[in-house]
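Report on one structure; see the data block that follows.
Should a chain be cited, it is by its letter among A, B, C and D, assigned in written order, with residues numbered from 1 in that chain.
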Amino acid sequence: MRCVAAVSEWRVKLVGRPKDVSCPSVVKTQVIDTGLCCRCMACMAACPAAVRTGVGFDFEERKHVCVDCEICVRVCPRLDYKPLSGIGSYIKAVAGRSKRFKGQDGAMVTEILMSAMEMGIIDRCIFVGRDEDWRTEILHVRDVEQLEVPTLTGTKYTFAAAVPALREAVLNTKVGVGFVGTPCMVSGVRRLQKELAVFRRKVKLVIGLFCTENFYWDELTEFLKERGVDIKKLVKTDITKGKFIATMTDDVVEFPVKELSAIMPSGCRVCTDFSAVESDVSVGSVGSKPGFSTVLVREENAKEVLDFIREHGYADFDEVSLEFVERLCNLKKKREANIK
Amino acid sequence: MKMLGQILELASSNRVEIPLIEPLLGMLPPPLSELAALPLWKPLFAALVVPGFATLGLLLLLLPWIERKLCARIQWRVGPKEIVSWLGGIIQLLADSLRFLFQEVIVSRDSHRPYFTQFVLLSFIPALLPMLFVAAGTIIAIRTEYSVQIMLALVCLFPVFILGMGWSSGNRFAFVGTVREAFMYFAYEVPLILSVIAMLLVFGTGDPVAIGESGRLGIVLNPLAALVFFIATAMGTSRLPFEIPEADQELAFGPFIEYSGITFGLAYVLAYEKLYVLSALFTTLFLGGGSGPMIAPLGELSGALWFVLKVIVVMVVFAALRAIYPRFRLDQALKAGWSSILAISLLAIIISSVEVVMWA
Amino acid sequence: MGIKRLKMPEYSFGDKVKWHAAAVGTAFKEAFFPHTVTVHYPKERRKFPDNFRGYILFDIEKCINCWQCAFVCPANAIRMKEAPNKKYYPTIDYAKCIFCHFCVDSCVGGALRTTKIHDVAYADVNEMLAETEQLMEPPEIVREDRRYVEYVIEEDDVRLRRVKGQDYLLVEPPPRKEYSMVCVCDDPESCTGCGTCADVCEHYAISISIEGEYKVIRIDTARCTGCGLCVKECPLRVLRLVRREGEQ
Amino acid sequence: MVVEEAKDRNIRIVQHGVFAPLRRWGIRWSLWPVHFVTSCCGVELAHSGACGYDMERLGALNYGIARQSNFIIIEGTITRKMARALRLVYEQMPDPKFVSLIGACGERGGLFWNSYNITLPHEIVPVDFFIPGCPVTPEGLIRGIRAVQEKIEGRGRTTIEFKCAELPREGGEARLVPSSPKFLAETPTVRIDVPREGELPERLKPLAEEEGVRVTAIGKNRVAIRTPAERLEEIALRLKELGFDHVKSVNIVDVPHERRMLVEYVVSSYSVRELMPVLVSLFAYVPRVSPGLQSLKHVWESADYCERELQDLFGVRFEGNPWQRRFILAPEVEAPLRKDFRLEEESYVLGEAPLAPKIEYPPEPLSYYLPVPDEVFEEAAKNDEFVLPIGPHHTGSGHLRVILRVKGDVIVDAIPDPGYVHRSMEKLAETKLYVQNIPLFERLSIADPININLGYVRTLEFALGVEPPERAKLIRTMLAELSRIGAFLYDAGIFSLFTGHSTGFMYTFSMREMLLELFVRMTGSRCTPSYVIPGGVRWDVSDEALKLTKNFTSAILHRLSKFESIFVNNPVLMERVKGVGVLTKEQAINVGIVGPFLRASGVEYDIRIAEPYEAYTELEWDVPVADDGDCLARFLLRLEEVRQSLNIVRQAVEALERTSGAVIAAEVLGEFKDAPDIRGLFFRTLGDICLPRGEFTCLTEAARGTLLFSILSDGESNVPYRVRVVTPSWMNLHGFMEAVKGQRLADFWAIYGSFGYFPPEADR
């Protein structure tokens, strides 16, 4: 995998920025302060200072530890932001339901990743789990058994630092890494892949999730608390038919999604990508029967995995109606207007 | 003045004859020479010099050293040495006893205070009194027909004090050790007494001087009694393989566990004192007391010298046991004491009786 | 390989007498002709072989500041100290050192070497930290030995050979093969140009300069000692150590 | 500080007063170290007292009782439990008293510096002198005594003087400090049943077809069975019926990110020959929150003590285990082996972190701690029994406490209270690189270092698939057998002492001194060689050392025969040990004792035969077996083993004289294939070892029996995820307690000695 020719002298292209402005300032002023940041955290995935010092996403703090390498500037998908939208190109669209795994809908994300692992395309993937308080936590999944953890699957609707975890995954994988994330994360990963060869080589499968918006954990929990949701008892969250449904062990709370717009992060207000256009395969529940997931296969590698699934009969397949998907895509496209 | 004169007269009438120092005494003017010769008054000499206090003290300082040195030699090592290297660390015990002397004495809260402190001192009564009845050759403090019996009786008092010490310590291990001591006491005491009786039968007297002068070796006359006496002494003085009440790996010195500083120093020498008394008895009964080639210039001291040498040999043999044997278990020792050793001691009495009858 | 069943001995009366006699006899024999094997330390000293693992000496000339001694130390007894020249050199806390000499075996340049010093008493635990400057010269210890003793194991027994004079406690390290390594980049396309490698290099072998639109990273192979710190620290692991050309 | 005051007080006492010179002289030449065995440095203390060095020359006589001695030699690690004993002993001693501290563990923790169970003794008692080493050499120890002697005379000082050299000045800018070499995987994959080559034994096949039970071959003769937690008992009973009659290890692995714990019973068979080499890991997952699980004590009695231990270490509860109190841990430490219990991190820069860890002492460090419930005392009183707590400071206990209930002279019950040397190796191993664990585990038993060392390294090799070269194998075999002899000699020495025979102790230790001479010639260290490394040994042995080793095999016989005539054949000993502490074959299997002690009860089990390793198959030797199962059989069997070992050593030396070649596997050296040994390459080649995913269990026949190392690796970290080590002494503890019951009080020590019970090995 590594280049055969080892060198003692090499060059790294500079992005070209004013000399007296540090990279964190660039990101801070141009992305965060303008409300464009989507918290995909691609900048953290490669930041050497973050690796060394353990400084988090806080750009104020990061200024002090910055080593001026510009990688954050290079990988930020929202810097000179070119919004993507629509359903994008795809090879095939199917609805699927995994026979092996149980998930919120068809558990097709899990199925695709596990099949890819079985095929030997990847040997690990990054999942987002949650703790008792529904805080997200990143899990590197290396075998099927790890999915026995009940908090691993299901939608969390909160931001997760999945992309930073990609660095470790990429460095330690022997074969390749599978990644699953929201459209903004997918864009972040693509930027990483564009800029750094190691991500190009090692990230083998990128699954995008259909996404309308995502929330900050503290705001969402506060909001849910006001609506009478006890986080400790919460079992499942879901958005269907314009309603947010929080299922608890003893109760179900429903309210219109619109109410959530009050806490919608600014990064989502400017996001127009519903279907993760840049991914290898997009998955979501919209557009298929209950219990099924819509799968939009965009690239060859994903198609191979899906063929493998079909071959082994790991999943049931069904028709998909893309109208709903398109409708939501268009709905989200309107957010373009929010970009200043 | 008159009394002093009487005393001096009495003293000079019963003086230890040492030709070597006679001329020296003769050089002094009469009252002074009388006075200087006062320590030579036999009872006083016996009590203070040999076989009494001085010899005992010297042996107590030397014997543990000899024991440690000898064991060390058998055990392929050196033993105490660096303290005076060219003498092989001979004054090791002096250092140890000085240390004990200057060390803090701790009386444990759980102990029975008066007994704890008194028993260790009281135990010197049975330890020192027998000195008066031991004959080093012809030197003896109190000469009676019953010296041997009295010595034995006093020696048998010993364990009572040890029991008291152990009991008053208020310590679990001391308690176990005390109980063991008590059991052992009964196990060895009977054979010990029987073996002595066997010898008294043979000699027909309990006067050590007479026994020594009879010129007969008890060990030849009645080897079984000697064996029983030897084993019983080992049991009685807690020598290996019968070091059961003290058993340092098991009970951490049993009855003496709580003693510290000089009290322990005293308790420590107690066993050696008992050993000394019993060895003296062994020498008297079985090894012919102070008999041996007469060394003329020493006069009466010659017998004393032989006696002390024999005692040392006996004690060294006991000391060497430490390097040779592991420890018996209590029940095994008791069983031996009450069965085989008792049987042998009875046998010894029979032999003695037969001998007495035959010679009679 | 087989099974050997053991029979436990049963002693008859005769055996008992015999074995009693044997035990007493052995003791008697040893009392007169003992097989003493005692070394009279501190008057004499046991001679240990040259590979004995004792106090460690440090040769600053040979140190390449690779930190491996600190990293390998199982007891965390070795910590690096910043010298005035801003390089890091080992210090040894003898209050933790377990004398496994993993550090000596790890030392790439052969800067650490052993001595036969091991009998030391400290009055204060805080004195036990030996800093770099203390490790460089052989220390002086209190010695009372007038001769040294060598254990000679012969076919029938062990013999102590006593030699007059003090044993020399410093030993020459055994000759060892040197492996010269050099750092190279084998994935320049993944390099972010962050400069961690240059910052961590204590020999200033990596330089970063901006030339026009590019950041140029150069490894000065002549200065590179092959310590491997840059390789270890590179966040994206684009560097690698290789044997120097003409070595293999 | 109280400690400082006490230090001053003691020296004041010796310096002042009318008789000061006399007092000083007396104390100086009569420093009696109290027999306070604290940890493995005690072995070197024994050597200092034995004929090799003979401390008694200096008037220092090892003495049993605190009240009568005036000197403590703290031998290394003082655990939290032992700290109480240390303080008590110190308080018991009369003034003036002195303390010297030997070994790194006691000074700043040494290898165990960040352990949860150690203390810093110099904060508990005033220490006069510190002697470095791990363990110290007897010379060092005697130097310590000399230093105290000098101190009493008022001349005490550190006996080393360093000269300060000049450090280079000219330099550049401040450099970046490199990060830790340790790498821990994020959300590690913790799997036991990773399928590997190997076949399922016939007998287990029916079990494999069972619903809900997953049977996986995880290597040759290694099977993992996963069951739901509620069926654990049922499957265990099935396994027992199949002939798996004892537990080799019980293990718990905490997997916080999966919110569960893994409970594992490693079982094997003594009674069915073909199952002897088979190890079955029966495991189940239990939830991590308030975990309570079914004890399998009633299925396998041998699991009892392991379960008790794990209760302490993980804060779980084994329902049905009769012991629900603290077993090996001090009362103030809670569930330390859970992953969220964090130990202090290493620091690589001087001045960045304090040299010694900050240790929180319990609020009342002097409180007398007895783990037995009051009911025991009440019940004993009711039954007219006497309760005798033996240890941890007792001449005949070592670092163990056993609470004996005696009726008359007969022991009714023995309750063990181990853990006085629990240095938390299993936890520490999780914070160290794989190679750094080599010296760590070696400290399990410094009386038998090579076998322990070999056990760990073989597990690594098994996981890495590395085969050492032929010569290395021979060297290892030779050293392992020498080590076995050494351990026997140590145990025989202690056995002699416990039966009151100090000559036996001296004789064995003189032979051990010869053995250590060989070790030091070959490895450079007396007791802790750390010589065996993954892929071979650190360096080759010289021809001269080989010759000495060969001579040793015959030279030792001469001294061994003396030992036999004075001790082994001594009729008194025979009386003492014959028929004492009998464990029948059934009992022995039931309580799961191991090694020579098992063989003494008639079980023909030896790992060197069941699952041969190193060069054992190439050499001629026998496994001695006896049927009596008493103290005598256990002792004589080991004596016979020594003869066999000498035989093996001789053959190995002869084979070594014929062979030459590398002593370390080429795959370990990698690109440095041309290197003759590991010197200069140690960290480069071995520093970053990383094991494949899964659990690797390896058995080794250590001197005292089966040594089990079970390393669980997540496949990415360069530190183990969990290391389970079950030592022979630990497994023998149960047998020891069983054998004691019904015997007489004095037999306790004979049985103790015959089992060669070594607390540091047991407590880990």
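Throughout what follows, contacts are C-beta pairs under 8 Å (C-beta built on N, C-alpha and C of every residue); 3 or more make two chains touch, one makes a residue touch a chain.
Everything quoted here is computed from the prediction, not taken from an experiment.
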Subject >> Chain pair with the greatest number of C-beta contact pairs >> reply: C-D
Original post:
What is the distance in Å between the mean C-alpha positions of chain B and chain C?
Top reply: 58
Original post:
Which integer distance in Å separates the CA centroid of chain B from that of chain D?
Top reply: 47
Subject >> Mean-CA-position distance for chain D and chain C (Å) >> reply: 23
Subject >> Cα-centroid distance, chain A relative to chain D, in whole angstrom >> reply: 50
**OP:** Identify all positions of chain C at which a residue touches two or more other chains, and write them in rising order.
**Re:** 23, 27, 30, 35-38, 40, 196, 199
**OP:** Indicate the residues of chain A shared as contacts by at least two other chains.
**Re:** 52
Original post:
Residues of chain D touching 2+ other chains?
Top reply: 51, 54, 57, 179, 503, 510, 566-567, 570
**OP:** Give the pairs of chains that touch; include all such pairs.
**Re:** A-C, A-D, B-C, B-D, C-D
Subject >> In the complex with chain C, residue positions of chain A that touch it >> reply: 2-14, 16, 46, 48-49, 51-52, 67-71, 74, 167, 171, 196-199
Original post:
chain B touches which residues of chain C in the complex?
Top reply: 23-24, 27, 30-31, 34-38, 40, 43
Subject >> chain A-touching residues of chain D, taken from the complex the two chains share >> reply: 179, 185-187, 189, 191, 257-259, 693, 715-716
Original post:
Which bits of chain B are touching chain D when the two form their complex?
Top reply: 68, 71-72, 74-83, 89, 92, 94-99, 101-106, 172-173, 175-176, 240-241, 243-244, 247-250, 252-253, 256-261, 264, 322-332
Original post:
Where on chain C does chain D make contact in their complex?
Top reply: 1-9, 11, 15-16, 19-20, 22-23, 25-27, 30, 35-42, 45-46, 48-49, 51-53, 60, 67-68, 70-77, 79-89, 91, 93-102, 104-108, 110, 114, 117-125, 127-142, 144, 151, 153-158, 174, 176-179, 196, 199-202, 204, 228-229, 232-233, 243, 248
